[in-house]
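Below, each structure is written out as structure tokens.
Both complexes shown next keep chain A, but they swap its partner, so chain B is in the first and chain C is in the second.
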Partner chain A sequence: MNSRFQEIDPSWAWRRYEPGPESPWNKRRAAHLFRRAGFGADAAALNEAISGSPGELIERLVVGVDAPDFTDQMNQMMRTLAAGNNPRNLASGWLYRMRYTPNPLHEKMTLFWHGHFATSGAKVEKAELLLNQNELLRRHAIGDFGQLVLAIARDPAMLLYLDSATNRKSHPNENFARELLELFCLGLGAYTERDIQELARCFTGWEVNQGEFRFNRFQADFGVKSIFGKRGNFTGEDGVRVVLEQPATSRFLVRKLLRFFVADGDFPDPLIEPLAAQFRADGLQLAGVIRTILGSELFYSDRVAGRKVRSPVEFGIGLLRGLDATVNLNMLAEELGALGQSLIFPPNVKGWDGGKSWINSATILGRGNLARRLVTNSETRFGGRKLPEYLAGQGVVEPEAGLNWLLEQFIAIPIPESSHARLLELAQRGDAWADVLHAMAVLPEFQLS
Partner chain B sequence: MSRLLVCGVPLLGILATLAAALGEERKAADLLPSTTVIYSELATPPRLLELVLDHPIRRRLEALDEYKKAFETPQYAQFQFGLSMVEQQLGMKWREALVGLTEGGVHIAIDGPTLGTVMLAKARHPAVLEKAKETLLRLVREDASRKGESDPIRSGEYRGVQAYRIQESRFAVVGSWLIVTNKDDLGKSILDALLDGAKDPLSADPEFKASRGSTASGDAPLFWAFVRLQKLRDAGIAKEIFRGKTDNPLAELLVGGIMSTLRKAPYASSAVYGSRDRVRWTLDLPYEPGWVPESRHFYLGPTGEGTASLGLATPSSILSLSTYRDLSGLWNSSADLFEADVNATIAQANSQLTTLFAGRDFGLDVLASFRPEMQLVIARQTFESPALTPEIKLPSLAMVFRLKDPEKMLRQWKVTFQSLIGFLNVVGAMNGQPPLELNMETVDGVQFVTAAYVPKESKESVPVPINFNASPSVCFIKDLFIVSSTRQLAQELARSARGIAANGAAATEQANTRLQVDFSMLKQVLEDNRQYLVSQNMIEKGHARKDAEKEIGTLLEILNAGKGFGARLERRDEQLQLSLDLQFEP
Partner chain C sequence: MKTRRGFLTASSSLALLSFAESTPAFLMRAAAASAASNAGRVLVVVQLSGGNDGLNTIVPYRNEIYRRARPSLAIGADQVLKIDGELGFHPAMRGFADQLEQGRLSLIQGVGYANPNRSHFESMDIWHSARTNHSSRSLGWLGRMLDELPPDSGDAPALHFGDETQPLALATLRTPVSSVGSLERFRLDVGGRAALRRAIQESAESDRGSSNDLLSFVQASTINALAASERVDAAVKSYRAAVDYPKSGLAEKLQRIAQLIDAGFNTRIFYVSLDGFDTHATQAAAHAGLLEQLSGAVSAFLNDLHAHQHLDRVLLMAFSEFGRRVAENASQGTDHGAAAPMFVAGSRVRTGLIGHHPRLDDLDDGDPKFHTDFRRVYATILARWFQQPAGEILGQHYEPVDFLNSNIG
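Here is the complex of A and B:
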């Protein structure tokens, strides 16, 4: 349990953040919001953000902006990438999308669901199915959780991943039912083995045929099932509904959202319950609870600043977005895999553990090397220019001011004076911003969001 | 010239002046000793400069971001600075200076006994060379002076000729000739040849003369080189090239016969010809059929007269490779040609393919059923229905073989093809791939066995997979057996075969191998895949879509400059000539 949150008053925590002299709406807080609700932002986006209110920005993030051209381009690109049937190409395409998306929260939530409903290209192998699942996650990213679960339950890639391509009434496959309860909706301890067995019967007859979902009524068990004390001739859809009706579902999801947006570690039940109640009251619509989290006093307080370890994707895309950089995304996808986060290839059905598991001596070194490669690669461009020219365009010329600009842009919490002095010494060497960024990227504080 | 002789006899100066006058008439090969092992010449460097620097393709390249980026380096900036300094000193632009200094040609040679390298350059006029020499000496001295170093130039006279040494390089100027070498003895022998005339010059060497004769046809080459292969082999140079066995079957198939000739030929020559609309490279080797071992008879035939007689054509052809290769001979001689691990793989493949061909030995029966003439064709394919048009559009590929006994083999190949499609369907079904539907059809009296993918019934619009590029087909026309990745190409080639049959035999062909690549059709295939290329560019460079579209557009535009590429291996009398030919749009 994260002791830092034990004593927090829930009514204060989820109260709407109102900027004031003690906690002004400034670039630091805007950068925090962009890091958590997206993948960071460049200086122009930060300046634009602080010219309005946090509420307006959150609303824009949650509702999203209409960008039909971008969506068309991405659909076209992903189709051609999937045509080669190499799932690894999808990872590069998705990184591109994260880098350029005008709707970073939607993309961040797509990433959240990718870890939540983990499905790996190592087993599914068919790029088209994995792409379809990715699009499904994006469509429902900030929508109705119930609809998302139902769609995932029929998703061919998921069914293939959990060996449920054929589910016959004589031998119900318990894999999907088990993961639905343990990993997708309720969490360990909130169900019995009997619930799993009965729920598995609901999904009999659900098959994948020629890459598409098919209901085979001859293999469906239409008998009476008993799940969580309810009895009936439940179908698969009924089974999902019964699971979603469990109060544990909202608590489970809210807990996971808090870990994703607010801080690594666990949260005490009193802090979770108000949000879980809101989630239930909203009919498991995600937008409301996400608005509350991102607009809360707790979210902008010092208690959560730097309380999350950046995932490799947040690290890499954060650097690119923060510096308006373009880079070889095949290379980036490969490097992120070496740091422990291969998109489209999550390690197992539980997804990535996240938090401190991202960090060890090898990955810290790897992150530094990645930052250096990103900023020194001859192909990389920053706002279409080379790094020194881009930084000069941002007014980053004088060493100390430039260093502070970079720190404000990328680091969530103050760094020790000794680190600051070392970075300043580097900055004062002249034309050494790539070295400064590399040195920044290996600081412990840089790994925190 | 390290031990420069300072004789101080004024008469020698007069002799040197006289020699300079006589040297003006001589060619570089008249000055080099017959012991020269490697000789190369750029006969007219100004023409080469003009072709490279003033070619329209260069302007197109310069417009590319990639091109600009390649020159955005500090090293290049430094080089430019140095160059402008030299131009200032010379009082002219570098190109003008280079043209003046090399108008009579640049020649580089390596001498066998001394292992010395020499460069002979002939300037437009002695005065131009003299000025360049004085400028060079001044710059070197100024540079040393700036660095606080002593004079790095040593100088002296040899038979009245002033010679200089900077580190390991010795040079002298005689009339319009600049002589640069790394060996004293070689330098002296050239000066002697200039002063007295060479006693045993390279130009009089029979092999050199024969080599010159073999390439002296039509245009004068931009570049010409002569190599004494025997000397290189004796010296143990490039052992890999002259080795007997290889671990690369494809390389053996492509150049095996050339390698055998290289192992025996005493010398070789090479030339580059150029004009605004083409660049052609040739390699000439003396050739005797007896030099090629029996294991490599598959390549040029037992008497060295195997020719590429197949010449089917299709308007959508991107690449056509017609050749003489006895595949059965290659397969069955593998023990003599390849390393042990390759042989093990071939033995395993032979066993598996024998099973596929219903027990007929793959090497002794199946491949032996073909005559050595064969043709590979790669062509653009078009798609009739958008619903069956794959996202990535691949060109189709076909092989044309000539059968020894068509009556006997026709049924055998038909059955094998059907078995293969059945096998692909079983494997495909296990991987969730759509099935291939087998069909037989007769078009203009030619029977085709074809297979096409059955489209998946789907409610959603899904990308058409890459396998829909294939519609494997075979057909038989007299003794020709065409196996193609698509029905479309099989039919086009069959039409071509019928046309050739109707118009009588094709012209007699002397080449052993002919390759032709059509850039306009290649560009068309890239255009067909523009969307895919743009996506790849976005991913690989992180470009925004409009930037990616611009870059792909420029690359395709550059391809417009190219017209085609050809290659040809041909036996002419006692010569074997390999030529590569790159054609540009005028």
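Here is the complex of A and C:
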């Protein structure tokens, strides 16, 4: 339990953040919002953000902007990548989308659902099905959770991943039903083994045929099932409905969203409950709860800054977006895998644990080495230019001002004076911004968001 | 640097504090960098992730119930590598059969725990924490032991080899345990720029107070990582493998571990995983491949350590979070089960079968019943191999299992 949050008054926490003299809407807060609700932003985006209000920015993030050209370009590119039937290629394409998307919150939520409904190319192997699932997650990213669950329950990649495709009347395969309760909707302790067995029967006959969902009535169990005390000739759709009606669903999802957006660790029930109630009242629509979280007093307070470990994707894409950088994304996809986050290849059905589990000796050194490769690679471009020219174009020339510009852009919390002095010495060596960026990326503070 | 090392040597008990969150950064650094000795005993844990099908690993090849329950997956008497008149290894396990013959392999049967949990994550957490009570699972059984270790080691006391998430078994109160994918990943690349390396080192060591526990954690991890980078560089220079390792991910990891052991790396616990045992569908080929990888890699590792005269101080333990159902499912696979065998290997084990094979005519909800609590195996390793207070670490007393030679102390 995150004791830091025990004492917090929920009515303060979820009250709407209004900028004021004590807590101005500035670059630091805008950078925080972009880090959590997206993958970071460059100086131009931050300046634009603070010229408006936080409410406007959040609305734009939640609703999204129309970008038909980008969408067409992405669709075409992803279909081409999938045609080679190597799921690994999808990861590079997705990183491209994260790097350039005008709708970072939708992309961030797509990543959230990828970890939530984790499905791995290691088992599914068919790139097209994995891409279809990725698009499904994006379509529903900030939509109706109930529809998302129903869609994922019929999603061929998921059916293959959790063996529902072989869930037959004579031998129900409990894998999908178990994860639906344990990992997707309710969490441990909110159901019995018996609920799992009965729920598995509801999904019998849900198969994949030639890459598409098919209901096979000959393998379906039409008998009476009993789930959570309700009895009936439940179908799979009924099964999902009964699960979603459990009050644990809203609490489970809100808890996970708070861990994703606000802070690592757990939150006390009194903080969860108001949002869970809102989520239920909204009929499990996600937009309202996300608006509340991203617009709250708690979200912009010091209690939250630097209280999340940056995931590898946040680390890598954050560096690129922050410097408007262009790199070889195949290389990046592979390196992020070595840091513990292979997109399209989550480690298991539970997705990524996140938090402290991202951090160990190998990943710390790997993050540093990756930062070095990104900034020193001769092919990398920053706003189409080389690093010193790009930084000069941003007005970054003088060592101390330049260092502070980078720190404000990238780091959520202050660094110790002596660390600042070491980085400044590097910056003063001349032609050393790559070294400064490298040293900054290995700072303990840089690993936090 | 010299003064820090000297300070530490003069007062080695300070290493006890090596990574406590309140410890000044320069002490963490000094502890991590202090010289190694290679006399200590080592445990290598091989985790078989996904739930290994124990029944097709040690096969009751004459058992009628087994054959009937597995029309497509049963392995016959003509195929198994016989252990005795009832039991035999899966035919892919030639390496284990060899090690058994050489007296280096102990097969502990019917291992599990009461009220088995059939969720991968729950059951793995139970094995990792050695606690069935959900609320007390923040630390690992090995992590708790690492917190008990005497202050004589400046090396990382435990290393996890692999890119997957670090196992809960290694979760400690104080010491962040290192994970390595390959040895290359243990080297900080500064492009030969000494000033940069210094800046990185000193920036990490700056005092940060302790109001943000996440920051303290990352700082300790960073200091540990920078020190480890230097050690690994130095440690791998002198080693050559004495045997040919098979070409597999597991074999490669075990060979790297042999390298570090041979180089006098004073790490007490090495941890590796082999994933893929969740064989719900078309199990036969996948399972055979996994068992071949396991037994081939472990066998080469034991032979290599023996040739380098380290096997007397190394113990290898292999486990899985659960076994699988007795009956196969409709997909030529098997679903999550309960009790299964564990393996312990080395030159100090009591070789052969330990305990009886679980009865197949007396099942618990379709699964073999356990008769040996896995924590009895842990207790044996903790108390007899490492001379640590097993009862304290495991939270209660567990009767040891007799799988180690009586003369190991």
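The criterion applied here is as follows: the second predicted complex is superposed on the first by the 449 of 449 C-alpha atoms of A that agree within 3 Å, B and C clash if a C-alpha of one lies under 4 Å from a C-alpha of the other, contacts with A are read in each partner's own complex, and residues count from 1 in each chain.
Basically, a contact is a pair of C-beta atoms (placed from the backbone, for glycine too) under 8 Å apart; a residue touches a chain by one contact, two chains touch by 3 or more.
Quick caveat: nothing in here was measured; it's all calculated off a predicted structure.
Asks: Report clash or fit for the pair chain B and chain C bound to chain A in the combined superposed model.
Replies: Overlaying the two structures gives chain B and chain C room side by side.
Asks: Here's one for you: vertex at chain A, rays to chain B and chain C, all C-alpha centres; what's the angle to the nearest 10 degrees?
Replies: 80
Asks: Return first, second, both or neither, reflecting whether A:Ser170 touches chain B, chain C, both chains, or no partner chain.
Replies: second
Asks: When the two structures are overlaid on chain A, which partner does A:Pro399 contact: first (chain B), second (chain C), both, or neither?
Replies: The answer is neither, since A:Pro399 touches no partner chain.
Asks: Quick check for you: in the superposed arrangement, does A:Pro104 touch first (chain B), second (chain C), both or neither?
Replies: Neither partner.
Asks: What is the contact status of A:Ser378 with respect to chain B (first) and chain C (second): first, second, both, or neither?
Replies: A:Ser378 sits against chain B, while chain C stays out of touch.
Asks: Under the stated touch criterion, name the partner, chain B or chain C, that contacts more residues in chain A.
Replies: Comparing touch counts on chain A for chain B and chain C gives C.
Asks: Regarding the shared-chain residue A:Val442, is it in contact with chain B (first), chain C (second), both, or neither?
Replies: second
Asks: A:Ala83 in the overlay: touching chain B, chain C, both, or neither? Say first, second, both or neither.
Replies: first
Asks: Thinking of the overlay built on chain A, is A:Gly322 touched by chain B (first), by chain C (second), by both, or by neither?
Replies: neither
Asks: Quick one: smallest Cα-Cα gap between chain B and chain C in the superposed arrangement, Å?
Replies: Superposed on chain A, the two chains' closest C-alpha atoms are separated by 11 Å.
Asks: Under the contact definition given at the top, report the residues of chain A touching chain B in one complex and chain C in the other.
Replies: Of chain A, no residue contacts chain B in one complex and chain C in the other.
Asks: Which residues, counting only chain A, touch chain C once they are in their complex?
Replies: 163, 166, 168, 170-171, 173-175, 178, 182, 188-189, 193, 264, 306-309, 337-338, 340, 347-350, 352-353, 356-357, 359-366, 368-369, 372, 376, 413, 415-419, 422-423, 425-426, 429, 435, 438-439, 442-445, 447-448
Asks: Under the definition above, what is the set of chain A residues touching chain B in their complex?
Replies: Those in contact with chain B are residues 73, 76-77, 79-85, 89, 92-93, 96, 99-100, 126, 128, 210-212, 320, 325-330, 378-381.
Asks: Which positions of chain B touch chain A when the two form their complex?
Replies: Within the complex, chain B contacts chain A at residues 69, 390-392, 432, 434, 456, 458, 462-466, 531-532, 534-535, 538-545.
Asks: Write out the stretch or stretches of chain C touching chain A in their complex.
Replies: On the chain C side, the touching residues are 118-122, 134, 156, 160, 163-166, 176-181, 185-191, 193, 195-196, 198-200, 202-204, 206-208, 212, 214-215, 217-219, 221-222, 224-226, 228-229, 280-281, 329-331, 333, 335-336.
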